[in-house]
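Common to both upcoming complexes is chain A, partnered first by chain B, then by chain C.
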Partner chain A sequence: MLKKKLKLIVTFHTSSEAMATEKACKDEGIIGQLISAPRELTADCGISYAAEVGDKDRIEELLNSKKIEYDRMVEIEV
Partner chain B sequence: MKTKVNPLIIVTGLLIGVAAVALTAFGNPKNMGFCIACFIRDIAGTTKLHTAPVVQYLRPEIVGIVLGSMIMALASGEWRAKAGSSPALRFILGFMVMVGALIFLGCPLRMVIRMGGGDLNAFVGLAGFAVGILIGVVFLKKGFGLKRNYDVANLDGLVLPVVLVILFVLFFMAWPTLSQYVADVKNGVEGAKNTAPFAISTSGPGSMHAPIFMALVAGLIVGILAQKSRMCMVGGIRDIVMFKNFNLIIGFVCVFIAVIVGNIVLGNFKGFSTLSQPIAHSSQVWNFLGMVIVGWGSCLLGGCPLRQLILAGEGNGDSAVTVIGMLVGAAFAHNFALAGGADPGMVDGAYKVFSLSNNGKLAAVCCLIALLVISLTNLNAEGK
Partner chain C sequence: MIYLDNAATTLHKPEQVIDAVANAMRTQGNASRGAHGATLSASRVVYDARVKIARFFNFDTPSNVIFTCNSTEALNIAINGTIKEGYKVISTDTEHNSVLRPLYHLKKTKSVDLQFIPADINGVLSIEDAKKIIDNKTKVVVVNHISNLTGNINDIKTISKIAHNAGAILIVDGSQSAGTMPVDVKNLDVDIYCFTGHKGLFGPQGTGGLLVKEGIEVDAFKRGGSGVKTYEEDQPNEYPTRLEAGTLNSHGIAGLSTAIDFINEIGVENIQKKERELTEYFYNEVIKIDGIKVYGDFQSHAAIVSLNVKDYDSGEVSDALSNDYGIATRPGAHCAPRLHIALGTKYQGAVRFSFSYFTTKEELDAAVNALKEIAS
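== the complex of A and B ==
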């Protein structure tokens, strides 16, 4: 059984927003990865971005400055 | 393997496989316990959007799947009317996915069911399907995206379920007349006439079906489970390629296992072969390319035909538009002779392979070009 870890999950309206987020975070040195959107968060099978909880403010600021839309930012165990 | 497997995806895959084998045992065509593309094509036929006489029947499974998804989404508070995401593109993508599926003769779900029935042609289809998804993933990684959707009036999200229920009720009311007509034709009654508003097949795949309420209940169960588990044939391969996540593909494997075991138990499994497979052809170039279209188009849409029905049940108006695109695509596929057909089999001592019409070949090439154009013209700047 894999151990669950608390992560910051960012969900999006479109897959291109997810791709743009990954690229922007990578450029800023923020550690994270694209994952299939967790079922607990959404019935959609879209793409979401998982990062460390401590990076929430940085990511929020980054996405706002780059005008990248997102749906929600949630802290859950995945 | 880093995947956390959701047990529900295993249950869903196994139950879909069992339901498919059971529906076939009770009357559905061979290796076609479930086929979203074929069943939507049959609905296009019974509503006279096309006039191919052998594929006309209102498949209750489709109604059940959409309603099952809706019931589960309502029960879990996930039903939400949404729409507005590139509707015309979704319509045409649905159209093309259907054309590709009918060239191959099956949606991704029937492809797996055919594989479990020993049809090696479906393995060629799987290769094409995977290639199509890989092409789609390349464009997703480059920033492909249809526009976002928005909350809309609840009525918008109810359109497809309500239309399907109305059609089903009308079809059920007409059933005594329809079944009498079918019986008259089969008994050779002279001057047999169908006076019902729906068309009905008296021979061919459209004439083969499980009892109406059994098919409806099977659809409901699949709809409920697929909504909860997010079962998706395209998502399975996409998630492996993009995230090394094997959760959804396990559902796919479970369908295969349940179907092959079910066929063995019922004595229907005759080994693996490309020849004389039920409602299938061994024209491999077109099996492959048909499923490239399905994989690529479905990847751009964000889900396979089954998933589109589930999303439509959850209130997604864009998926409803996609399903209507598939319905129109099915009508075009038969009105313009684009669809594949079964191998003629042994003719004058030699096995004759089905030959796709020139219209069908041209349509496949046009679909591939159109998919490339749609993929290239919807790359968003951020992802490039």
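== the complex of A and C ==
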């Protein structure tokens, strides 16, 4: 059975934005990983970035400062 | 073989570029297709390459670095994606067919008012003529950065000012400039810069791209799989996905990315300096030979020297260089019909010698001696 855990999920318009997010977060020491976009958020087959819920403000600030666009930032169980 | 056809493609590639392609073929999945290790490995390589290329050309927006299979494809995307029905479009006599043929086609199919900045007998563009024909009706200007025939460097910054003052956008063909000289697209104020990976950048064939300045709209030219927004009927509008349907050449892009590392280690300024020294040396030697005529303006010049020997067919001279001396050059028309007409070489063509960072003075001496014998 697949185990679920509450995560912060960031979805994107392009894979390029997802890769930019992964790199920016890694450079800042933020722990997260790219995962298949959860179907609750999108029926598209794109990738999303999953991180700890507590890092939401940091990630939001980081993406805004680096002008990395994203679609949504949502807390869900994945 | 002495390879002096680097304007066609650089034959001598850095070993690390070859290794990077081989490694990519062993490890990389399909970029932007899921979230397993192999696809992410490809996606990371592709993204890193966008960032490196953006930095290399002093371009602000990595996501607007669009990958193509060469500069011809990049130019076709830029030209067909920006020029609409009835537009006034200005180009130049120095262009390659990768610009001319798409423009001639649009002249026929979209009633484009197509005009050209003329080149003089040395292949130099007249800025005064550019000022006259680029007016406020002009929508798009397409200009070669460096002529693949003469090696002349066009004054992009001045043409950019003229184009933008008229309200037009500027597309630059950087096929010969990428990797052979510092190119700062911000300083030059270029709207779309098209490049290939396999010439001065020392990357694999099948790589290239275009840099689309933020705010410039280029219509999608192909539609298909993108790995995102699967249920949308049209191609996603965001760059780079808008212009990159289908599987990317991530193996080639891995090589291109490593090639840019190689150039950065040496310094593109040092590459330009060495190539300029080689070019000046060769030029100064060949102009001493009776019966040789060299084309172009050597005030502002890249590592290309085109010439003819007496009234000999350029193909015969190139074949003799290859068969009798083992020297590879390019004869004929070089896909540059308007410039050959301007130079008066439509019938004879020209023999093009083009150098790279790996060319040696000894190789140039061998070419000069061969030309002396052929001309004697």
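To be clear about the criterion, the second predicted complex is superposed on the first by the 78 of 78 C-alpha atoms of A that agree within 3 Å, B and C clash if a C-alpha of one lies under 4 Å from a C-alpha of the other, contacts with A are read in each partner's own complex, and residues count from 1 in each chain.
By our rule, a residue touches a chain if its C-beta (ideal position, glycine included) is under 8 Å from a C-beta of that chain, and two chains touch if they have at least 3 such contacts.
These figures come from a predicted structure and were not determined experimentally.
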item: Three-chain arrangement built on chain A, chain B and chain C clash or fit; value: clash
item: Which superposed partner A:49 touches (first chain B, second chain C, both, neither); value: neither
item: Touched partner set for A:20, first chain B, second chain C, both or neither; value: both
item: First, second, both or neither for A:39, with chain B first and chain C second; value: first
item: Partner chain(s) touched by A:70 [first = chain B, second = chain C, both, neither]; value: neither
item: Stretch in clash, chain C with chain B, out of 5-13, 77-85, 221-229 or 329-337; value: 221-229
item: On chain A, positions contacted by chain B and by chain C; value: 13-17, 19-20, 23, 34-36, 43-47, 69
item: Chain C-touching residues of chain A, taken from the complex the two chains share; value: 12-20, 22-23, 34-36, 43-47, 69
item: Chain B residues touching chain A - in the complex, by the definition given at the top; value: 2, 4, 6, 73, 78, 85, 140-149, 227, 229-230, 232, 235, 239, 242-243, 245, 247-248, 302-303, 307, 311, 314, 379-380, 382-383
item: Chain A contact footprint on chain C (complex, rising order); value: 31-35, 40, 43-44, 46-47, 50-51, 62-63, 227-231, 236, 238-241
item: Complex contacts: residues of chain A adjacent to chain B; value: 2, 13-17, 19-20, 23-24, 33-36, 39, 43-47, 66, 68-69
